[in-house]
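Heads up, the thing below is written out as C-alpha cells.
Chains here go by letter, A, B and C, matching the order in which they are written, and residues are numbered from 1 within each.
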Amino acid sequence: MNKLQSTWISTLLLTSLLSCGEKAPAPDAVGTDSKSGAKSAAKTPASQSPSPAAVPAPAGKQSITVWWFQWAPADGLAELGREFEAETQIAVKVEQIPLSSYQEKVFLEFGGSKTSFDVVIGDSQWIGRGASKGLYLELTQWLPTVVDLASIHPRAARYLCEYPEGSGKWFAAPCETDAVGMAYRKDWFEDAAEKAAFQKKYGRELRVPDTWEEFLQVATFFQRPADKRFGCAIPSDRAYDGLTMGFQNVLWAFGGTWHAENSNKVVGHLDTQGTIDAVEFYRQIVNLGPRGAERLDYGQVLEAFTNGSTAMLLNYFAFFPGIHKQFGNKVGFAVVPAHKGKRVASLGGQGFSISTKVPASQQELAKKFIAWFLQRKVQEKWITKPAGFTANAQILASPEFRALTPYNGPFADSIDSMRDFWNVPCFNELLSVTQRYVGMAVDGELPAREALQLLAEEKERILAEAGLL
Amino acid sequence: MKLLRWLVIAGYLFVATLPLVWMGLSSIKQRDATISANARFVPSLSAPVGEDSARFEATLDPYRQLAHVHAGARQSFWGHLKSSVTIGFLSTAAAVVLGSACAYGFSRFRLAGKQDWLFFILSTRFMPPLAVVVPVLIMYRRMDLQGTHLGLALLYTVFNLSMAVWLMKGFLDEIPRAFEEAAMVDGYSRAQAFVRVVLPEAATGMAVTAVFCLISAWNEYGFAMTLNSSGAVTVPAYFAGLQGNIEGMPWPQIAAGALVFVAPIVAFTVLVRKNLLRGMTFGTIKQ
Amino acid sequence: MQGARRTARPGRQRLGWWLVAPTLVLLVGFNVFPLLYNVVLSFTNAELTGGERRSLGGANYGRVFRDPVFAGALRRTALFVASVVSAELILGLVLALALVKRFPGKHVVLTLLLIPMMLSPAVMGLFWGLILNGNYGILNQALGAAGLSQPQWLTDRDLKFWSIVLIDVWMWTPFMMLIALAGLGAIPPSIYEAAQIDRAGPWRVFWRITLPMTAPVLGLAVLFRATDALKQFDLVMATTGPNDASTQTLSTLLYQVVFRDGKVGLGSAFACTVLVVVMALATVFTRYIDRMQKTEAAA
C-alpha cells in the first residue's frame, strides 16, 4: 500500500522542482488562445478572416448576443434591438444576468476560447482588465468614424470607455450613464402629523435631506421597527460591489479617499480621518433600515422600499423606473446628500465592449449595431425608454431630457459630480478586499481605523503585485 | 424508558420536519406571503382580510410558474430539470457499470498491485472538488466539453467511481465464487456465468450503489456552477444563480422546485431502503 | 482464495485488467493530471482570464503560509468539521437508540427523517436563508411571538458561523443515525440477554456493550462525514457568500481566490497545501477500512 503512495508523492515533488526553475512557456492553458493581451485584440479581425464578406453567410438569420445585467435599461435596449432588426434583419438578443454574479459569469466566459456573447455591456470598473488582458476589442480607430467623440459626456468617456482614463484609447462605446441617487416617500414627508412631530422633536422643518447630517436625522425619525416602518435602505451587500458603491457617496463627501490624488499610493490616504468618519457614518445609517439591512443587494434595497416600509433609499437611478411606476406621485427623487458642501455620487453605467473571442464576422455585426445605436436619432429614442440614460452630453443637458421623468432632473444634476472606483486591471481584487474590510467595519467586527489600516496594506500589496505602485 | 424514547423521536421529528413543512407551505403561496413580516402559516381558500392575518390564500401557481423563465436563466425549471435528469442518470449508469466491472475485476482476479490500486481509487474520494476545478476547466476548454451535458456527466462519473467500486466490491465479495465456477464447469463461458449467475445476485447491490451515485450527482453544485455558465445548467446551479435578481428571489417557485427535485430521490431511496444500510457501511456489516 | 489462485492463468489476468482499466484510466486522467497541473500552476502567476504566465518561484506558497486569511480558513474549517461531526454523532446515536426497536410506522418515520440528506444543499442553503432572515424569517417571527430575542442569524458576526453549523447538522444527522442504526442492529441479542441476567443497568449496558460494539461502524461514519464537511462549500455560498471573513471555509476561499479574484496560481498553491492535509486524512481512512476488513475476514 505504501509503495504507490510514496511514488505518487515523489512524482509530485519532482514536478514541482522542475517547474520552478524554468520559466513556464506559452500561456497556452489558462485562457486557451489569448497569447498576449493587446496583440490578440489587434490581430483577431485580420487573422481570422480577411474581410467580413469572405466569411460564409450563416445558414440561419444573422444575430448578435448582448450580455447586460438585469435591470430596466436592458429591457429598453432589447426594444431598440427589435427596431434594429426590422431595419437590418440582424437580430439582437439581450441576455440579462443578475448583477451579483455578473462579473464572475462574464470573466469565466472570457477565460474560454470563445464567449457566448458578442457584446458585453461591462461594468465601468472592468475596463482596465478588459483592455489590458486583450478581452475587449480596441475601438480607438473605429469609434470616431461613427460618432463625434466630442458629443460624449467627458465623465462617461473617462470612466466608461477609455483605458487608461483620459488616454484617448477606447475599449468601449458609451451605452448607459448612471449614478447613485435618492428616492423618498413624498407622502410621508408631506404628512401634516409627521411634519408637526418632526418640528417638535428637532426644531426644524421636515424636508428632503440635503446634507448627510439631515439624512441621518430624518432616517432616525422614521425608524420605528415596532410599527414596521424604517428610516432608509441603502446598498450593503457583499457579493459583488453593493456595499462599496453605496459607501462611496459618503466616503468622498466626508473628505475620505481610496488612494492618493495622482498615484496609487494607499497607505496614508485611505486610513485617514475622513475615511474613518465616513465608515462610521455609513455604519450608523445602515442600521436605520429593516432588520438584516447590513446585507442588502440592489434588488433587496428596492424591495425594502417597494414593500412600503421604508422612508428613503439610495440606489442607482437606473433602478428607479419601477419605483416611479409603482408609487407615482407618492415618491420623489433627489441627488445624494452632501457633507460640508461636498457632494459626490458613485458612478454607475456601462459601455458596449466587443469580445475579442468571437469571429470577426460577429464583431462586424456588433459594430453595425453599436454605430446604429449611437446615432443622434436613436439616442433620442433611447432616452424615452425606462432609464435610458444616454451619454450624449447635449441630450443630457436638454430641458426635454429633464422633463421626461421625475428622476431625470436629479440624474442630470448628479452627472457632473460622478466618480468611480478603481478601474485598473486588478480592480476585482481591490473590490474583494474593500467589500471584506469595509464590511467588517460596518458590521462592527473591527474598529473602523483598524479595518482601514488592514485594507490599505492589502491594497498596496495587490497593487505592488500588479506592478501599479 | 419507553416514554423517553417516544419523546426523543417525536421531538426530533417535529423539529427536523418543520423546515420541510415550511417549504411545503411556501410552495403554495404567492411571493408576497413568503416574505411578509407577519408570518402566514394557515392556508385558506380566500385572500386574508387583515394585515395581521396568519392566513394566506393557497395557490398552485408556484408549480405552474415553474415553467417561467427568470432573468439570468435561459430556460425554465423544467429545462434545467431535464439537464439534471440527463446528467444524473447518464453518470449514474456509467458509474455503476464501470464500477461494477472494476469491482468484479478486483474481486475475482489476482491483479498485481491490487491493494495499491484500491487505495488509490479510494483516495480520490477525499479530493476537495474545488482543488481540481481549474485544471479540469482547462482540460474541458481544450476538449470543448465546457457547458455540455457530457462534460458534467463524465465528471460526476469519475467522482462517483471510487464509491461505486468500493460498494460493489463489498457486495461482489459476498457472492461465493463457487456459483460461477459451478456454472463454468457446466459449460458456460465466463461472460455467460457472469450474466446468469453473478448479475442477479449483485442486482440489489447495484441498485444501492446507483442511489448513492444519483444523490451525489443530482445535488452537486460546485462544478455545475463553475464549468457551466449557460449550457447544461443543473437545477441546484440554476436556483443559486437567481440570487441578486432584482425581482427578488422567487421563493414559492424555489420551494416548489426543491420539492419536485427531491421527489425522484425519495422514491429511489424507498425502493432500495432494505439494502441501504449495508451500502452505507461499505459492507462492513453483514445483515 | 485457494480457488482463485488455482485458476490464475495469464489469459485470465488479461481479462481482469480489461475490467479494471476503464475505471483506472478515468481516475488517473481526472485526478493525477489535475494534481500535477495544479502543482505546475502553483508556481506561476496564472490568471483565470489568460494572458502572459510567468514563474513566481515559491511566492504563492509564501503568501499561503504568511497571509492569515488562509490559516484562518483552515482553522475555521477544522472547527466546522469538529462541531458538525460531534453534534451529528451524538444526535444521530441518540436517535438511533430511540429508533432501534420495532414500532408501527417506523418506516414512515425513518423515511421522513432521511429527507434532509437527500435535498440539494445549495438549494436548501438558499431556503434556510429565508427561514433565518432577520426581518421576515419565520424563526425570528416565532421567537418574537414567544417574547424571545430575535438574533440576526446570518449577519451577526458571532452567530453566522454557528447558523451554518446548525443547517449542516439538520441535513446530515440522518446520515449518522442511519449508520448507527446499522451498527446497533448488528449486535447479537444474546449479548443483551446475558447482560440482563447479570442485572446490569441500562447506563452500564450502553457503556459496556452498546458503545464498544458500535464504535467501529460509528468511526467509519465519523470519517465519512469529516471528509465531506472538510469540503463544505454549498451552504456557505448560499447563505453568507464566499467573501465573508467569519464563515470562509477552505472551498469557499478557493472559490473567492480563483473565480472572484482570478488568481489561479495562488489558488493552486493553496489547493496543493490543502491536498497534503487531505492526503494524510485519506491515509488514515484507508488504513482504517483495511483493518476493519482484515478483522472481518478473521472473524
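As a convention for this text, contacts are C-beta pairs under 8 Å (C-beta built on N, C-alpha and C of every residue); 3 or more make two chains touch, one makes a residue touch a chain.
Remember, predicted model here, so these are calculated numbers, not experimental data.
The most distant chain from subunit B, with centres taken as the mean of CA atoms, is A. The chain pair with the larger count of C-beta pairs in contact, out of A-B and B-C, is B-C. Between the Cα centres of subunit A and subunit B there is a gap of 38 Å. Taking each chain's centre as the mean of its C-alpha atoms, subunit B lies 16 Å from subunit C.
Subunit A has residues 1, 5, 8, 29-30, 32, 108, 111, 239 in contact with two or more other chains.
Contact with two or more other chains is made by residues 35, 37, 115, 117, 119-120, 134, 138, 226, 243 of subunit B. Counting partner chains per residue, subunit C has residues 35, 37, 41, 48, 133, 135, 259, 264, 279, 283, 286, 290 touching two or more of them. Across the complex, subunit B is touched by residues 3-5, 7-8, 12-13, 15-20, 22-24, 26-27, 29-31, 33-35, 37-38, 41, 48, 91, 94-95, 97-99, 101, 107, 109-116, 118-124, 126-128, 130-131, 133, 135-136, 138, 141-142, 145, 170, 173-175, 178-179, 181-183, 185-186, 202, 216-217, 220, 227, 230-231, 233-234, 237-238, 250-251, 254-255, 258-259, 264, 267-268, 271-272, 274-275, 278-279, 281-283, 285-286, 289-290, 292-293, 296 of subunit C. Residue ranges on subunit B touching subunit A, taken from their complex, read 35, 37, 71-72, 74, 113, 115-117, 119-120, 134, 137-138, 141-142, 146, 226, 229-230, 241-248.
For subunit B in complex with subunit C, the touching residues are 1, 4-6, 8-9, 12-13, 16-17, 19-20, 22-23, 26, 34-39, 41, 98-99, 101-102, 104-106, 108-111, 115, 117, 119-136, 138-139, 155, 157-158, 161-162, 165, 177-178, 181, 190, 215, 218-219, 221-222, 226, 235-237, 239-240, 243, 249, 251, 254-255, 257-258, 261-262, 265-266, 269-270, 273, 276-278, 280-282, 284-287. On subunit A, the positions that touch subunit C within their shared complex are 1, 5, 8-9, 11-12, 15-16, 19-20, 22-24, 27, 29-32, 34, 36-37, 103-104, 107-108, 110-111, 129, 133-135, 238-239, 290-292, 294-295, 428-429, 432, 435-436, 439-440, 443-445. On the subunit A side of its complex with subunit B, the touching residues are 1, 3-5, 8, 29-30, 32, 70-71, 95-101, 105, 108-109, 111-113, 116, 228, 237, 239-240, 297-300, 302-303, 307, 309, 319.
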